[in-house]
Amino acid sequence: MTDATNPDWLSTSILALQGAAKGGVGTLHELTEERQGRYHYTIGPYSDPVMTVRPGDRIKVWTQDCFEGRVKTEADKPSQVTEMPFINPQCGPIMVEGAEKGDAIAVYIETMEPRGENPRGTCCMIPEFGGLTGTIYTATLNDPLPEIVRKIDLDTENVFWSDRVTLPYKPHIGTIACSPELDSINSLTPDQHGGNMDMPDICPGNVLYLPVKVAGGRLFLGDCHACQGEGEVCGVAVEYPSITTIRVDLIKGWTLPWPRLETPDLIMSIGSARPLEDATRIAYRDLVYWMVDGYGFDKWDAYMMLSQCGKVKLGNFVDPKYTVGAAIEKKYLSV
Amino acid sequence: MTDATNPDWLSTSILALQGAAKGGVGTLHELTEERQGRYHYTIGPYSDPVMTVRPGDRIKVWTQDCFEGRVKTEADKPSQVTEMPFINPQCGPIMVEGAEKGDAIAVYIETMEPRGENPRGTCCMIPEFGGLTGTIYTATLNDPLPEIVRKIDLDTENVFWSDRVTLPYKPHIGTIACSPELDSINSLTPDQHGGNMDMPDICPGNVLYLPVKVAGGRLFLGDCHACQGEGEVCGVAVEYPSITTIRVDLIKGWTLPWPRLETPDLIMSIGSARPLEDATRIAYRDLVYWMVDGYGFDKWDAYMMLSQCGKVKLGNFVDPKYTVGAAIEKKYLSV
Amino acid sequence: MTDATNPDWLSTSILALQGAAKGGVGTLHELTEERQGRYHYTIGPYSDPVMTVRPGDRIKVWTQDCFEGRVKTEADKPSQVTEMPFINPQCGPIMVEGAEKGDAIAVYIETMEPRGENPRGTCCMIPEFGGLTGTIYTATLNDPLPEIVRKIDLDTENVFWSDRVTLPYKPHIGTIACSPELDSINSLTPDQHGGNMDMPDICPGNVLYLPVKVAGGRLFLGDCHACQGEGEVCGVAVEYPSITTIRVDLIKGWTLPWPRLETPDLIMSIGSARPLEDATRIAYRDLVYWMVDGYGFDKWDAYMMLSQCGKVKLGNFVDPKYTVGAAIEKKYLSV
Amino acid sequence: MTDATNPDWLSTSILALQGAAKGGVGTLHELTEERQGRYHYTIGPYSDPVMTVRPGDRIKVWTQDCFEGRVKTEADKPSQVTEMPFINPQCGPIMVEGAEKGDAIAVYIETMEPRGENPRGTCCMIPEFGGLTGTIYTATLNDPLPEIVRKIDLDTENVFWSDRVTLPYKPHIGTIACSPELDSINSLTPDQHGGNMDMPDICPGNVLYLPVKVAGGRLFLGDCHACQGEGEVCGVAVEYPSITTIRVDLIKGWTLPWPRLETPDLIMSIGSARPLEDATRIAYRDLVYWMVDGYGFDKWDAYMMLSQCGKVKLGNFVDPKYTVGAAIEKKYLSV
């Protein structure tokens, strides 16, 4: 049986081997709606912390969906019930004791569950947003696509997409980040700090490593998805309110240029940029550096070897920056 | 036991259901080096056919590696032993009886085997070519990366990358295309005709569908890889001479804007363009259209559903155009 | 004789015709180094205003160069004497009385003069920054270009580039913006708010219109250039400390999606995005809308006509977002 | 008075100083519709030459408009009266005596005149083509823009755009190229060979230099525009049939990676690629190299100096590849 709180593989992870908690599991906190109070639509150093935790502590986070629950029926148009830039509400900031600029915060995602009695997710087509439409950046004169809303029943096993199709429940965290040093970045944009990466691998069972730029790290998260395809092509996943339980740890002195991810089977570097090839370059370059610094590979050997066994996962190609993960299986890293 | 010549699933494929051969298997041809004579470095309507086959026929193609065998040792620099644009030699053109503009040619890849007594592959870093370097397009003033050649032993199970790492033998066809109507496109560039897609899924066991633009289709192929990572980040895979056995069929009146692929488990549309987001847009749009035309989905339902379960595979992001496949599992397509 | 404070053409400008000051010229303020105190490296709503002015008021702004004066000799490497993200210091924020979300602030640039006794500018090549090098986004494994610093004598007529070449003094403001609503954006990045556009036309004699998102507008500016080529190809202009005199006005209810510019001869929309074609699309689309809303053109007539007489100016293609202006001569706008 | 055949400045041009004709003017040829016979829609080495000329010779070319005259009235929809890929007909190929791979062919454009009794140009909006619309590459699901045709009266001074607007007649050659070595490239695509650059500076009075890849060079041209804005934003200029008179010369041993241009006042390198920043990088890098090789500048001095005085001209950002010219004024090149 797998123990989601502390699965076997985790004892060999960077989190366990290098984390300040030395693999130990601490106190469980709960970040309810009440405790959160107002949500944040921008990720930066200017908001008041909602709680402080210690390395190894666990937090049960009550996330809102990206529409903050305002799209209640299929008649509720996002363009009418929401207002930019008050979109994609984030929980936090959570302060991690001892975190300083130059460290990394590790987030192990234990579980994600739908919240509410009859849990439903929301998908929609939003005018001038998405992968197959003109947008405010890829600015065209075409009429926008129709604004269509779908409410989707779901449970912890299934997402009941339509009469015809049932999809598996495969939740992940769409937006998660520590704070930049001086900037405050809207919660729709991924960047070096993490943010709206929409990377399906940021899911239960895996560990995300985020660069720390300010004291305490200031961890934000939200925007959970009951499932999502690679690329999130229409711009919207099955958005739902969740109870997401994470364990937080602190890697002192591990200075990351971009977020990194660890799963039982692979390590992944995550880049966010436009155009999409730049996101891919960032991810692959960081992975080369990681193989050199963390696993003793020669730089050119790593580069050529990834050309034979590297894996690429597309997060989103619809947000203000696009997100790509470049990964290698751990079995090729052992000496 | 799987029969590579005609596996069970193939009887339910588009090739079998709509192909002119009605699932039948025809004559086996052999396209040896001798029969090929001169290779082609440009894919178009101006070269002389090497053979004509009928729908259902099989062809054993003796491909050259992309350096035409000129990189014999690790001391042979590609920049010295090869000369642009005489690179990436293609076998063919093979004419398919009955193929006309507006049809599709189906290529089922049966097997790929290394050629030669002590088979070895070649990988290298080529100046101003690859994903993590300035190139002739992403033109920079930086000094080029060093030119390094690796010769790699391999057999039908393993690619012996280094003392430290052995990779699995997972061959695929790097370059394969029918001819454009008027243009002749160098064998390094993928486009609507197919070409240098470097898509790992164009491998034994799968079926590729290519648009026909001229009578006979004029099928070219070459550039086989013993294995390749997603993105082919350094620009070069484990390049090797192969014996690649394909079965060719003809789908009359199936007019494809871009290549499409079918595997036992999924269908994939393949786009090639720059920037990389455009390749992704092309692939996903074509997949939406395919779901509508081929499987009866409503257009907006397909678009939103792919946002939940679409898969993306990166071919290359190093060639003159980048290649992306967008796919959906067949289990979601059944009525 | 031209009166820089109030040239003839200005009476026909949008600033004069629609500004709250009705073309009137108000009080002259001075924003010295002393009054400014600390500079800002991020443009947002979280900093303390340095002054409040009324529509029509003039302000003499003592700007710092983008290195805050730390590159004093050609031996001072920017990578050693500056520290990210404390780069490109901005003066302000200046509050404009009456400005509210949905308005536009007009900035007429009267004059720009070098500051200091023996005025010199600074140009340099910064590792992993610039148009013809790998960068942190266009991430490559090539060695960086050399870090070279040039100190350049200049006066109000000439920039003494080298023994061989003297360039004309053609100053402009590299970075200027009102605050976003919730975000705070580093001063290196241009976006909808304006920011580091590096557009040579934001120069003495012209009027820039900026969207207002928060009460008072919160105007920031800095990063003045004694001259700059289109694209700012090496990433750095002739950076210098200036005394820049502007007149500020307020257009109530003119809601701009992106910055706009007016000169004696043309109107220009300014977009900032990646890839560069998206910046161009943004600029041209906004110009079409401006021709429709402001000058009574039919949308398709405007679109096709710009295909015959539109002008494009490249600001920078080196910053985190690239900047493009699309313009049309005023002579084609009259009825 | 200016002599279009041989203006004063031309004696100091690269054409005159390094051309095989040593500034001499040779025979005048005429390439009429009759002599041309069939037009070409692809630029390559596989078509039959229409004439051979000597360096210094002049040619009066009767070009067709890009629709080959099929759009006769505003009721003729291009999508109905034309058929891909038979679009943008090219005159040629013209062979230049003595031209070999590694040389450059110089084309001085003397004059361009409208052809026909009541000369009219054609502009239109073509579905899924243009800068502000989804296209086959920037693939969207939006409905296409309306297909609108405009027929425009013009003479050698004016283009009578509308009741409201008259534009100046400023003709240029949209498509001009020598042949690639092995490929044949459709006449809609610009690339290293030249092609559909849509650069307004390829106009009467200027000299274009094109790389030679095959014996004789094989010069093609067509697609003349009575005027065109920068970027050609709707995808179509004022397309018209012309009589274009050029003088052709041959620079032996001048091996160009991309086309270059010379005017009385500046030199320009021309790059074509996607995304648009890559076209800009190509153009600027080639200009740096040109300043080094042709004018004795230090590489880093040239790079930093262009950051202060470089000029950028956008050709098209609507074709399969985008075109950018990077230029410097000649006055900064003298020693």
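Per-chain numbering from 1; labels A, B, C and D assigned in written order.
Note that a residue touches a chain if its C-beta (ideal position, glycine included) is under 8 Å from a C-beta of that chain, and two chains touch if they have at least 3 such contacts.
As the structure is a computational prediction, the values presented were derived from the model and not from experiment.
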Duplicate of the C-D contact set - from A-B, B-C or B-D, the pair where over half of the pairs recur: A-B
Pair of chains joined by more contacts [C-beta pairs], A-D or A-C: A-C
Rounded Å distance between subunit A and subunit B, as computed from the means of their C-alpha atoms: 34
Centroid distance [mean C-alpha coordinates] between subunit C and subunit A, Å: 35
Rounded Å distance, subunit A centre to subunit D centre (Cα mean): 48
Sequence positions of subunit A contacting 2 or more other chains: 132, 138-141, 145, 274-275, 281, 284-285, 288, 303
Residue ranges of subunit A touching subunit D (in the complex, touch as defined): 132-134, 138-145, 275
For the subunit D and subunit B complex, residues of the former touching the latter: 41-42, 44, 46, 85, 136-141, 181-186, 257, 271, 273-275, 278, 281-282, 284-286, 288, 299, 303
Subunit A to subunit B touching residues, read off their complex: 123-125, 131-132, 145-146, 148, 150, 159, 161-162, 164-165, 167, 227-238, 274-277, 280-281, 284-285, 288, 300-301, 303-314, 317, 322, 326, 332, 335
